[in-house]
Amino acid sequence: MTEILKLENVSRSFDGLKAIDGLDMNIEAGKISAIIGPNGAGKTTLFNLICGYLYPDSGRIIYKDKDITMLNPWERASSGIGRHFQDIRVFKKLTLLENLLVTFNDGSENPFKAIFGRKSRREMDKIKIAMKWLDFVGLADMKKSLAENLSWGQQKLLSLARLLCGDFDLLLIDEPVSGVNPDMVKVILKKIRELKELGKTIIAVEHDMTAVKEISDRVYFMDSGRIVASGLPDDIFSNHEIMESYMGLDNVA
Amino acid sequence: MIVQFIVNGIVSGSLIAVMAIGFWFIYRTTNIFHIAHGAVYTASGYIFYSLYVSKGYSLLLSLPASLISGAVLGLAIYFTVYRPLEKKNASTGIKFISSLATYILIVNVIALIYGNETKILSEGLSASISFWDIILTKIQIYQVISFLVLLVLSYLFVKGTKAGRAIRAIGDNSRLFKALGLNERWVKGMVFCIGSAIAGLASILTGLDVGIDPHIGMFAILNAVVAVIIGGIKRLEGVALGAFLIGILQNLVIWQFSARWESVVTFLVLVVVLLYKSGGLFVVKTRVEEL
Amino acid sequence: MNYLLHILIMISIYAILSISLNLPVGYAGLLSLAQAAFYGIGAYAVTLFMMQAGINFFAAVVLSVILSAILSVFVSYPSIRLKGDYFILASLAFQIIVFTILYNWIDLTRGPYGIPGIPRPELFGIVFDSLPKFFALSGTIAIGILLVAKKFYSSPFGLVLKAIREDELSAISIGKNVRKFKVLAFAISGGLAAISGALYASYVTYIDPTSFTLDESIFILSIVMVGGSGNLRGPVTGTLLMILLPEGLRFLGIPDSVAPNLRQIIYALVLILLMRFRPQGMAGEYRLD
């Protein structure tokens, strides 16, 4: 049972309001953890803190036994922390293939290689890998389409493919199945399970309780900037206190 | 000797402050980087020249007429150039370029009509007063007095009137603005009028001292911008303070080194302040702003 | 014929300048009013290397490019984090500082007196001293740079830049050091501008600071805005339009006293209209909004 991510007493305020309040959290490697909670609980802020788009006012963030609290966001990404955004954020004017090709951080994006490098074989390898992941999410035949021409659900799949291509170990997925029709929900959940089989660790923020019950190994209930309860999905969902405070505060399916 | 230069600094500071206050009204409310303000400055000066010097009308007529013309020009720029861009939600870059292009347009039209040489606005007002080793011309005294009057009036306006509070409310994008019940377009139009009239005042005050040419606007607006940024955008008092800092700094540089290096110092200070305000001079950690 | 060659040479020089500014504007999304500063630094550096140190033109160009690129890194690195208007202001500040130094550091640059007698380029005994020969040189260099730029844009590097301009946060999330890429874009931009400066200096054989003013920076930026940015067609189109326009005026018989002002008025009007109705410029790919 290795711990891949640990947050110790993390706090962050905005204009005097405490968004994250002395939060502690341990995430087990290779498992799917879900974070649930009312709107405004601080879930997306938590993700932003882990990714490095925000820095905590106090506390530590430890990833793979390394203190990353002060690390730049792109350094965190290159060390394996991947992020899927609530508003998806794929590169709209790039093709699907380009969206994946751009995730490679292997030095080929050096400008001088553009003039002098012998690119052909390197490029072919990259394309092969990218196509593999496009295939994994079932979008291979649309490789030349612009990302903006995809449906919302397809863009979510593209975002997942991006995470795979970028070889991230810890995936922070913000609302994987929101705004997506039921058939697509099944596909996405299936893919997430396959991600786990590939050895990825997943933390998902999600409001869809059915989805959460279906795939999570562990559930964290978050409210007012802290983790209020955590445990197995059955335990959390049968806890009437939590469910009432959650349902009471927010209308969620 | 140094006292003379500090006094000169106060005089320049007053002029810069007048221009800066005008720019501030517009920037604080609309968040538009109105570089074309410099063209309004120039245009007002030339309208004054046409009325006061060419046509020989009295000061009592020429001055207000020029200020009103400046206000009208500023208002026209707002409605023809900026308003359409605002409605399209254009980026600051596009607004900036449009403003710059408007400046170039107006200044070159002026050059076409009046020519490129310096025009003298007055013969007589160069009488000077001296006391305690300091020499001041009459017009310079008017410059400082005008600034003081303007500062007080502006302060009262901003703190004391509904429209004044609206300025800050719109600029901060706050919900307070709706509570004030004023029309946004009206308030923005108004600040363009006020700001532009003030620019006209700055121009005429300066012009009566040293004359005008089509290119004075850029220098004036840049100094004003530096003053506003150094002094802080949020508050009027800061703007005035920034203007005096720049005025005195520039004159000190002229005194200690030479007039040639004045711009270098001014703009170095600007860069240092810009960097300092965006998170410190030596920032190692990147902050991701757009979340 | 000479007149035509002159125009072609100026087009090649400005084409390089516009491609150089295309990188920060069309890819990093940062408007810069400092391009004339790097243009000027290139011109003066090459001149001084050739005339004070006796270095061959081509070697001098290499040195100037490196100098300009390093300076560009030094200046852009802290400024990158400034937002929108403030970045433009910082670039404007840099432009004015450089100009003032060029104008007043008389010991080094001879200030307003300028530096006359700049030699034409020489390589293996060939001196590019006639107009056709110089055009052959500048045209070749311009086309070469165009081809290199094309390679940049279609390379992984170019793809990263496109991604950054598309969605910076998303680019960070896949591990891109956005700051590094923006600074690189500026470095290349500074280097290319220096090449233009070198060609200009060696062509006109006399330089003084008045060729490298804020007005010139505005002109270069206008080329990129009018033609469009984010691809290759944009800057080239912009260069052709903005250079040929004043020549067109001349054919209309507009008197020389009026022409410069009229030209500026037309540029300004075109710019205002484009920003309003077609912000991506005539042939550009990237819209600033």
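A, B and C are the chain letters, set down in written order, and residue numbers restart from 1 in every chain.
The rule is simple: a contact is a pair of C-beta atoms (placed from the backbone, for glycine too) under 8 Å apart; a residue touches a chain by one contact, two chains touch by 3 or more.
Computed from a predicted model, the values in this text were never measured in an experiment.
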Chains contacting each of chain A and chain B, listed by label: C
Most widely separated chain from chain C, with each centre as the mean of CA atoms: A
Innermost chain, taking as reference the mean of every protein Cα atom displayed: C
Whole-Å gap between the CA centroids of chain A and chain B: 49
Separation of chain B from chain C, taking each centre as the mean of its C-alpha atoms, in whole Å: 31
Where chain A and chain C are represented by their mean Cα positions, the distance between them in whole Å: 42
Sequence positions of chain C contacting 2 or more other chains: 169, 172, 178
Residue list for chain A, restricted to those that touch at least two other chains: 53, 72-73
In chain B, residues with contacts to at least two other chains: 286-288, 291
Interface residues, chain C side, partner chain B - complex: 29, 31, 78-79, 81-86, 88-90, 92-94, 96-97, 100-101, 103-104, 168-169, 172, 178-179, 214, 218, 221-222, 225, 258, 261-262, 264-265, 267-269, 271-272, 275-276, 279, 288-289
Interface residues, chain C side, partner chain A - complex: 148, 151-152, 155-160, 162-163, 166-167, 169-178, 184, 188
Touching residues on chain B, where the partner in the complex is chain C: 33, 81, 84-85, 88-94, 96-98, 100-102, 104-105, 108-109, 111-112, 218, 222, 225, 229, 260-261, 263-264, 267-268, 270-271, 274-275, 278-279, 281, 283, 286-291
Residue ranges of chain A touching chain C (in the complex, touch as defined): 51, 53, 72-75, 77-78, 82-83, 85, 89-94, 98, 101-105, 108-111, 113-115, 119, 162, 166
